[in-house]
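Letters A, B, C, D, E and F name the chains as they come in the text, with residue numbers starting at 1 for each one.
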Amino acid sequence: MKAWFPAPLLSLAVFVVWLLLAATLDPAHLLLAAVLAVLLPLAAQRLRGESAGIRRPLLAVRLGLRVLGDIVMSNLEVAGRILGRESKIHPGFVWIPLEITNPHGIAALAGIITMTPGTLSAELAPDGRHLLVHCFHLDDAAATIAQIKQRYESPLREIFP
Amino acid sequence: MIETCLDITLGLFALAMLLNLFRLLRGPTLPDRILALDTLYVNTIALLVLVGLRQGSTIHFEAAVVIAMLGFVGTVVLSKFVIRRDIIE
Amino acid sequence: MLEALLAIPFVLALAIGLLPRERRRTAAWLAGLAPVAGLVLLALLTPPVLSGEGVRSLTEWVPTLGLAVSLRLDGLAWMFAGLVLAIGGLIVLYARYYLSEEDSMPRFFCFLLLFMGSMLGLVVAGNLILMAVFWELTSVSSFLLIGFWNHRSDAREGARMALAITGTGGLALLGGVVLLGRIAGSYELDVVLAAGPQILASPWYPAALGLVLLAVFTKSAQFPFQFWLPHAMAAPTPVSAYLHSATMVKAGVFLLARLHPALAGSDLFFYVVSGIGAVTLLVGSWHAIFQHDIKGLLAYSTISHLGLITLLFGLSTPMAVVAGLFHIINHATFKASLFMAAGIIDHETGTRDMRRLGGLFKLMPYTGALAIIASLAMAGVPLLNGFLSKEMFFTEALEVEGHQFMRWGVAAAAVLAGAFGVAYSLRFVDDTFFGPGPLRIETTPHEPPRWMRIPVEVLVVVCLAVGIVPALTIAPVLHAAATGVLGDDVPAYSLAIWHGLNVPLMMSLFGLAAGIALYFGIKRLIDLYGISYDSLGRRVFEWKTDRAIAWAGRLTATLENGSLQRYLGLMVLAALVMGATPFLAASLSPGGSQPMPPLGWLVWAVGVAATLATVALHRHRLLALVVMGAVGLAVSLAFLLLSAPDLALTQLLVEMVTIALMLLALNYLPEESPVERSRLRRWRDAAIALAAGGGTAALVHAAITRPLDTVATEMLALSLPEGGGTNVVNVILVDIRGFDTLGEITVFGVAGLIVHALLRHVRLRPERVVDGTPDPLLIPNLVARLLLPLALAVSLYLFLRGHNLPGGGFIAGLVLAVPMLLQYVLSGTDYVEQRLGFDYPRVIGLGLAAALLTGLGSWLLGYPYMTSHTDYVAVPLLGKLPLASAMAFDTGVYLVVAAGTLLMLGMMGSVRAPGARRGG
Amino acid sequence: MSALMEILVCAMLLLGGGFALVGSWGLAKLGDFYLRLHGPTKASTLGVGGVLIAAMLWQLVQGQPSLRELLITLFLFMTAPVSAHLLAKAALALDPASRPADPK
Amino acid sequence: MSPHLVVAPILLPLLAGLLLLVLGTRRVQVQRWIGTLACLGGIALAGALALQADDGGTRVYLVGNWAAHLGIALVADRLAAIMLLATALLALPCLVFAAGGWDRRAPHFHVFFQFQLMGLNGAFLTGDLFNLFVFFEVLLIASYGLLLSGGRGLQMRSGLQYVAFNITASTLFLVALGFIYGLTGALNMAELAHRVGQVPAAEAAPLKAAAGLLLVVFCAKAALLPLYFWLPETYARSPAAVAAMFAIMTKLGVYAVLRVFSLVFGAEAGALAGLAWPWLLPLGAATLVLATLGALAAPSLRLLAAYLVLGSAATLFIALGLASADAVGAGLYYLVHSTLVGGALFLLADLVRKQRDNAGDSLRKFDRLGPKALLGSLFLLAALSVAGLPPLSGFIGKFSLLAAVPEAHVAWLWPVLLGTGVLTLIALAGAGSHVFWREGGEVPAAGRVPALRRAEVGATIALLALGVLLAVAGGPALRYAQDAGAQLMSPAGYIEQVRGALPRPGVSP
Amino acid sequence: MELALSSFIGVLVAGGVYLLLRARSFDVILGLTLLSYAVNLLIFSMGRLVVGKPPIVAEGLAPTLANHADPLPQALVLTAIVISFAMTAVLLVVAIRSRGESRTDHVDGDEPRPGDGP
């Protein structure tokens, strides 16, 4: 099984992507999608290191929804700030120490940080243990760090052990 | 109603793109311009979808997918060049 | 038989040319065979010639041009052929002993026979063009002969000068005979000679005459072209003896005689030819007196005698023609013997300088005697052949009709030249054989080998025989030749030594006396040895050629200054001129426009602004590149809005790869362009650019506001029923105009190969190196690798449905290549190629093979190449699946595009800096 | 139902357009590169997302349900952070002074 | 004969090229064999086509079985056959010459070579204007590969100029093509000819402009004043076998002018008839004069050869400018002659360069030359031929051209043609006597100068021998060329046959 | 619309030509890229400008030019894009090789000396 599906989620993604593209549930396309779902990840696998290996899909979904909500809500906040006086904005950089070690987890975290407004992951420290984050409006660095760690990092640590 | 909304939204995006254009031409830094270009691409996606809705056709879909999927490649290579000069090491 | 006569020298020349250098004897024997065999053949051909009917033969060569190997042996040709062969034979014998060990005998005889053949061809040619052919061949082969001692600079220069002058004449001759042929309606000599009145009446007559005379005068070293001849004396003496007595220079007067019936008879002919002849006669004979080199003296003497012959032909009366022909023979005999004697002297003493010679009569009395007799013939002393023709000349000189000045002028020139002739002949005899000397000679001169002397003896005997008993010896020959020129108009003449005490005889005697007086007078009055003439003609010629070459060089360098800017600017200007010219005469009313869709202005604004910014920023290359990205986007958007989704997709994808390529290149180029110093140039270029842009815009506008009736209507209609696809663009690409696509992917594949060829194993220094190890870029990397299989899916999807909806092999190939590019960028070449290493050139080959073979499939069904076939294959469960050959073709496109792009990117990415190790 | 949907679609459209405009406005207006980076990367992305949702809803209304726009969203959300991340890195590389010291 | 004969000259080199690619680059011997066989095949195909075309017919091959005005029609007439044959005959010796060693130094040489042949053959055969562009690009890109592969130093610089110049020209080509399509709605040349003929005079200006742009493009490829300045140096710096192949490249431009402007804007073109000729005659003459001056001043043998090639293209333009069947026929004969001899001169220059240790092919420096007699005789032969001296092919070409000059132009054109002949003669005599007669420098130590390679000498001799053959067979050759000229000057038959060609029915979609 | 498009093409051509006539290889390449945009638009526009009617035939829609944009110029442009891309790639490589050989990116392979005229 592992040999055929080195990355089951990726295979699933390919399968779904194909069906979305073809916009049909035709048996022929289902078959084709299945074949591709096997072949393409296999082909790509040679380039990838190890697979992500997501553990808790439900948590992942919950996290995803939370992120979506956060995106919308804080976007409103940032929009307000953009439209407001620029002098009221206090931007700044902050290093967030990471506990998560799984590279996919780090990537996901960085992505989430970037997509949620107000923060932007700028760099992974060379040691891989710190993430440089730029904050649109940085009032309290410690609070921001804590919020990020609590809201996103800890679920990610469970998803990507 | 929906058509009016579509037109308004198109207008909003057009305005947004003009603002991107301003930044693209204005700079001042190189990343600014790259960013502006990137944003132009992103806004283009919406533009395509909107035009598609307006015309009732799905013909622009592929273009939108491709931009969404690969539009950032330009940004990546340009940034990489700024960072390392040698984009393929 | 005539062909054989002509072929013998050439065949033997080839045979000799292939001999190795050491085979001297073989070469000489073969060379001797040519004239002997030729003379035998000629003898066999003699009876019909003497009977007046001549011999003809015709072989077609280029019939559409009227060019045929048409040979014609009449009296004139027969006489000349005899001269060429007979003297040629003697020359071969002479040269056999003349040439030294260092000289390559095969090479010499090969050239000599080539020349002999060319001369023979010239005289027996029965077609004007063929005549011009052999004429040029004589120039070329004489070039080789004169330059035979090519280690000597005077030989090289002399040869080149001779070729330049006589070659020019040859091309003029070509022009002249083409004109003659046009007038007469044929190049066949028989026709042309019969068309004399027609030619004289033609408005092209002066031009034709001028061109032909240019050829004659250059070849026969007539004034003002005489200067090449003395310089041709750098040739080995047998060559000089041959070229300047019987052959090369005689070719000119031969031509004059040959075309006499067609060209002579006008005042123009009379004045120009006889005038030039008279001037040459005087100039040549006067200069001959002051030469110190024996061969130089003989050369100028040759010039003067040729002037005499030319003058005779210019006079154009039948008797003058006869006299001219007679003198041709006589001059050939005595001059050849004199040259040979000069060669013997040179051979024995090592010098030809008369200032160092003298007293040789004591040392080599036999040779001396022969030379003295020949010089007397040259001087026109009675009982020798020179006297007879000179006497005829004097007679004719007195009977010149025409302008008063001309009559007296010719008569005076005749007497003066006679005196000069006597003077230089005396000088030759006196300074060489008598008086003090020889001086500073290392060896003791003695008589030459027996066989070397024989040719001289033979010729001198001929001189004597003709001079004493002309009627028994030369009369039939002369008569035949004269008939060849004059036809039935041959006048009655008598070849006798004694015609009574008449004016010509008085002139002869006076000339003799005056010449003797002149020589001794000069010798007494001026220091003859101190005069050194530098040839003015040569100086002018060299100065002119040098100047011309220098000027040509400067002109070329000015035009081709190696500046791409100029070359491109000229192309743009040329396009502007060609595009604008039609509108000078016509104006065009603009057609109707469509309203602008609202988004159009957005695209327009982005496009125009970004274009202008690109130009404004172009010196800052990276900025310009970023801004240009927006231009590309605007163009793609324009395509999208204007109903071209395929184009938009392609443009977008190509844009991405192009930016990557440019960045890769920019790593090895300066970041900024320096300001160009010339403000003027920038303004000028801006003006050109504006004109080009404005012109293009106007023309585009004019074109697209006009109705169009296009073949595309049919394509739309046929796309689905015949092409089996709904995406008409794709059907056109892979089916209707699939052949274009085949070419296009070839271009693409080759481009990849070029990049491969140019960057393999090449080391280039990057403009700037950022220190430190590269950041692994973990986050982008993971995303990119995640994206890859999804992108592959999209790519396949676009590929599969391209026939019906936007997509297709090219787009799909790029959608495959771009995410791969991302892998290269983020992970590095080594990483990617170790894991996903393809032999990209081979994949390109496979892609091309897929495209090619798909097209070939239709041959099996009896259809033209690339006819598409679609079939439906029933598959259980899935139903019928379409299986179109166009799809297989598109697979080729897909492979080539993906592999080509990746090959380019991979190669560009794998260039190493000098000294860096791979993988570093 | 459909009227409601229509209003929803309109709202999504206008919301999306508004976000995109704000993002771009931020890009044009703000004075510091890192600030400018925030606007487009998320506001615009979200704006486009809004339009895509509107599109899907609209197609549902039209009776041609389609989820293909999800694909666009998926790719956009995957790639946008990467762009932002690299741009921030690029800016830091160009102006090392603005980079805070490495953490201990 | 098989109807597919018309397409075969394009497919054969493509097949060879991709075989070379698929087999890889390891074994040069295999590559040489593939290349040689393909070239031999090319000669056979071209010869067969030439025989076939001599019935005066125009063979139309509908690629993809689409009607000519829709799809791409290949057309084989006498002109196409002549060009194909000249290309094929030039190609084999060039390939053999390169197989003397250059092909080891230049990666992908054989692939590029085959693709260039494909491009050339395609350009000569196609009856479609856009397809002509595509094949132009195929051969151009292959020529970039040939020119640049294995190159270094100054070669790269002239390569850069060559590439940039040609890309610009191609861009202009596209512009012209766009306009022509936009104004007529067709791309097939016969169809275009038909449509152009119906354009009213009042509407003709934009189309004239488009045609003018097209003329600029072709003349840039063929190197006509003022667009030739890039040529001499580029050609002189190319590897010998490549430069020799380039002898046909300028002819391609001439061909394109001839084809397009005799067919589309030719006798049947109504308001646009005879558009190009008035430009070509004076410009061709001026180019000829300048090229000859360049030859006179050339400091090296290869540059001399380049100028002579340039001059031959200019002579061809004169022939075209006269726009009569005889003149064009003379031009076509001259074209074949100058291609073969021009190629031979480049090869010869390279042989000399290799034999003269220090001086190379310079005409300013002196050096000993090893095998003087052989090279000297070959040079003599080539020089005689190229200078238009009898009895070789150059003479027949020049003479037939002179004979075809109408009386109205004789007064100025003859002096140009004859005068440049004289100057060429002087230039060649100077060069030859310098290289082969004038010696200086040290006698090269044994072994320092490489022995002549048999392949290289053989290739040179073969080319010259072909030139001689062309002279000996001057009658039939010129007759063929003049028939081709007549065919071109009355294009109605071509137009009719192409437009009337029907696809074979019965293909199921 | 026609005017807007033709003016855009005109601007592209003007910009392209100006850059084409510059002395540095990269500028020339930029110019050629602009020119190739212009050419693509130009050829494309020769099928006349049509909004919202892609050349994809469908049932119920007569396959005529009234309902579809002209597909032929689009196919031509596709070919042209590919070819000009290939050419650009080659030119870029030649440019860097030329620079590598002569240490200058001047198109004439020589840095202009001070005092050289225009």
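The rule is short, and it goes like this: a residue touches a chain if its C-beta (ideal position, glycine included) is under 8 Å from a C-beta of that chain, and two chains touch if they have at least 3 such contacts.
Since the structure is predicted, the reported quantities are computational estimates derived from the model, not experimental observations.
Peer 1: Which chains make contact with subunit A and with subunit E at once?
Peer 2: Common contact partners of subunit A and subunit E, which must touch each of the two, are C.
Peer 1: What is the set of chains touching both subunit D and subunit E?
Peer 2: Chains touching both subunit D and subunit E: C.
Peer 1: Go through A-C and C-E and name the pair with more C-beta contacts between its chains.
Peer 2: Pair with the higher count of C-beta contacts: C-E.
Peer 1: Work out the mean Cα position per chain and let me know which chain is farthest from subunit E.
Peer 2: Most distant chain from subunit E: A.
Peer 1: Which chain's mean C-alpha position is nearest the mean C-alpha position of the whole protein set?
Peer 2: E
Peer 1: Report, in whole Å, the distance between the mean C-alpha point of subunit B and the mean C-alpha point of subunit E.
Peer 2: 48
Peer 1: At what distance in angstrom does the C-alpha mean of subunit F lie from that of subunit C?
Peer 2: 41
Peer 1: How many angstrom between the C-alpha centroids of subunit D and subunit C?
Peer 2: One centre to the other, that is 71 Å.
Peer 1: Any idea how many Å lie between the Cα centroids of subunit A and subunit D?
Peer 2: 15
Peer 1: Residue numbers in subunit D touching 2 or more other chains?
Peer 2: 18, 23, 25, 37, 45, 66, 68, 71, 75, 78-82, 85-86, 89, in rising order.
Peer 1: Quick check: what residues of subunit C touch more than one other chain, meaning two or more?
Peer 2: 562, 564, 568, 625, 641, 645, 664, 666, 696, 703-704, 708, 710-712, 715, 720, 737, 740, 744, 747, 750-751, 754, 758, 775, 777, 779-780, 783, 786-787, 790, 794, 805-806, 908
Peer 1: Would you give the residues of subunit F that are in contact with at least 2 other chains, written as numbers and ranges?
Peer 2: 20, 25, 28, 42, 45-47, 52, 54, 56, 72-73, 79, 83, 86-88, 90, 94-95, 97, 100, 107-109
Peer 1: Per the touch rule above, enumerate the chain pairs that touch, sorted by label.
Peer 2: A-C, A-D, B-C, B-D, B-F, C-D, C-E, C-F, E-F
Peer 1: Where on subunit E is subunit C touching in the complex?
Peer 2: Going through subunit E, the ones touching subunit C are 3-4, 7, 11, 14-15, 17-22, 24-25, 61-67, 69-72, 106-108, 111-112, 115, 118-119, 122, 130-131, 134-135, 137-138, 141-142, 144-145, 148-150, 160-161, 164-165, 168-169, 172, 175, 179, 181-183, 185-188, 191, 202-206, 208-210, 212-213, 215-216, 219-220, 226-227, 229-230, 232-233, 290, 293-294, 296-297, 299, 373, 377, 380, 384, 388-391, 395-396, 398-400, 402-403, 410, 414, 418, 421-422, 425-426, 429-430, 433, 436-439, 474-475, 478-479, 482, 503-504, 507-509.
Peer 1: In their shared complex, at which residues does subunit A touch subunit D?
Peer 2: So the residues of subunit A touching subunit D come out as 17, 20-21, 23, 71-72, 75, 78-79, 82-83, 86, 89, 91, 93-95, 97, 110-111, 114-118, 120-123, 125-126, 129-130, 132, 134, 136.
Peer 1: Would you mind writing out the residues of subunit F in touch with subunit C in their complex?
Peer 2: So the residues of subunit F touching subunit C come out as 1-30, 33-34, 37-38, 40-42, 44-58, 63-65, 68-75, 77-79, 81-83, 85-90, 92-97, 99-100, 105, 107-110, 112, 114, 116-118.
Peer 1: Considering the complex alone, what residue numbers of subunit D touch subunit B?
Peer 2: Subunit D reaches subunit B through residues 6-7, 9-10, 13-14, 16-18, 20-21, 23-25, 27-28, 33, 36-37, 40, 44-45, 47-48, 51-52, 54-55, 58, 66, 68-69, 71-73, 75-76, 79-80, 82-83, 86-87, 89-91, 93-95.
Peer 1: Contact residues on subunit C for subunit B in the complex?
Peer 2: Listed in rising order, the residues are 598-599, 602, 605-606, 609-610, 613, 622-623, 625-627, 629-630, 633, 636-637, 640-641, 645, 648-649, 652-653, 655-656, 659-660, 663-664, 666-667, 766-770, 774-775, 777, 780, 787, 790-791, 794, 798, 805-807, 815, 818-819, 821-822, 824-826, 828-829, 905-906, 908-910.
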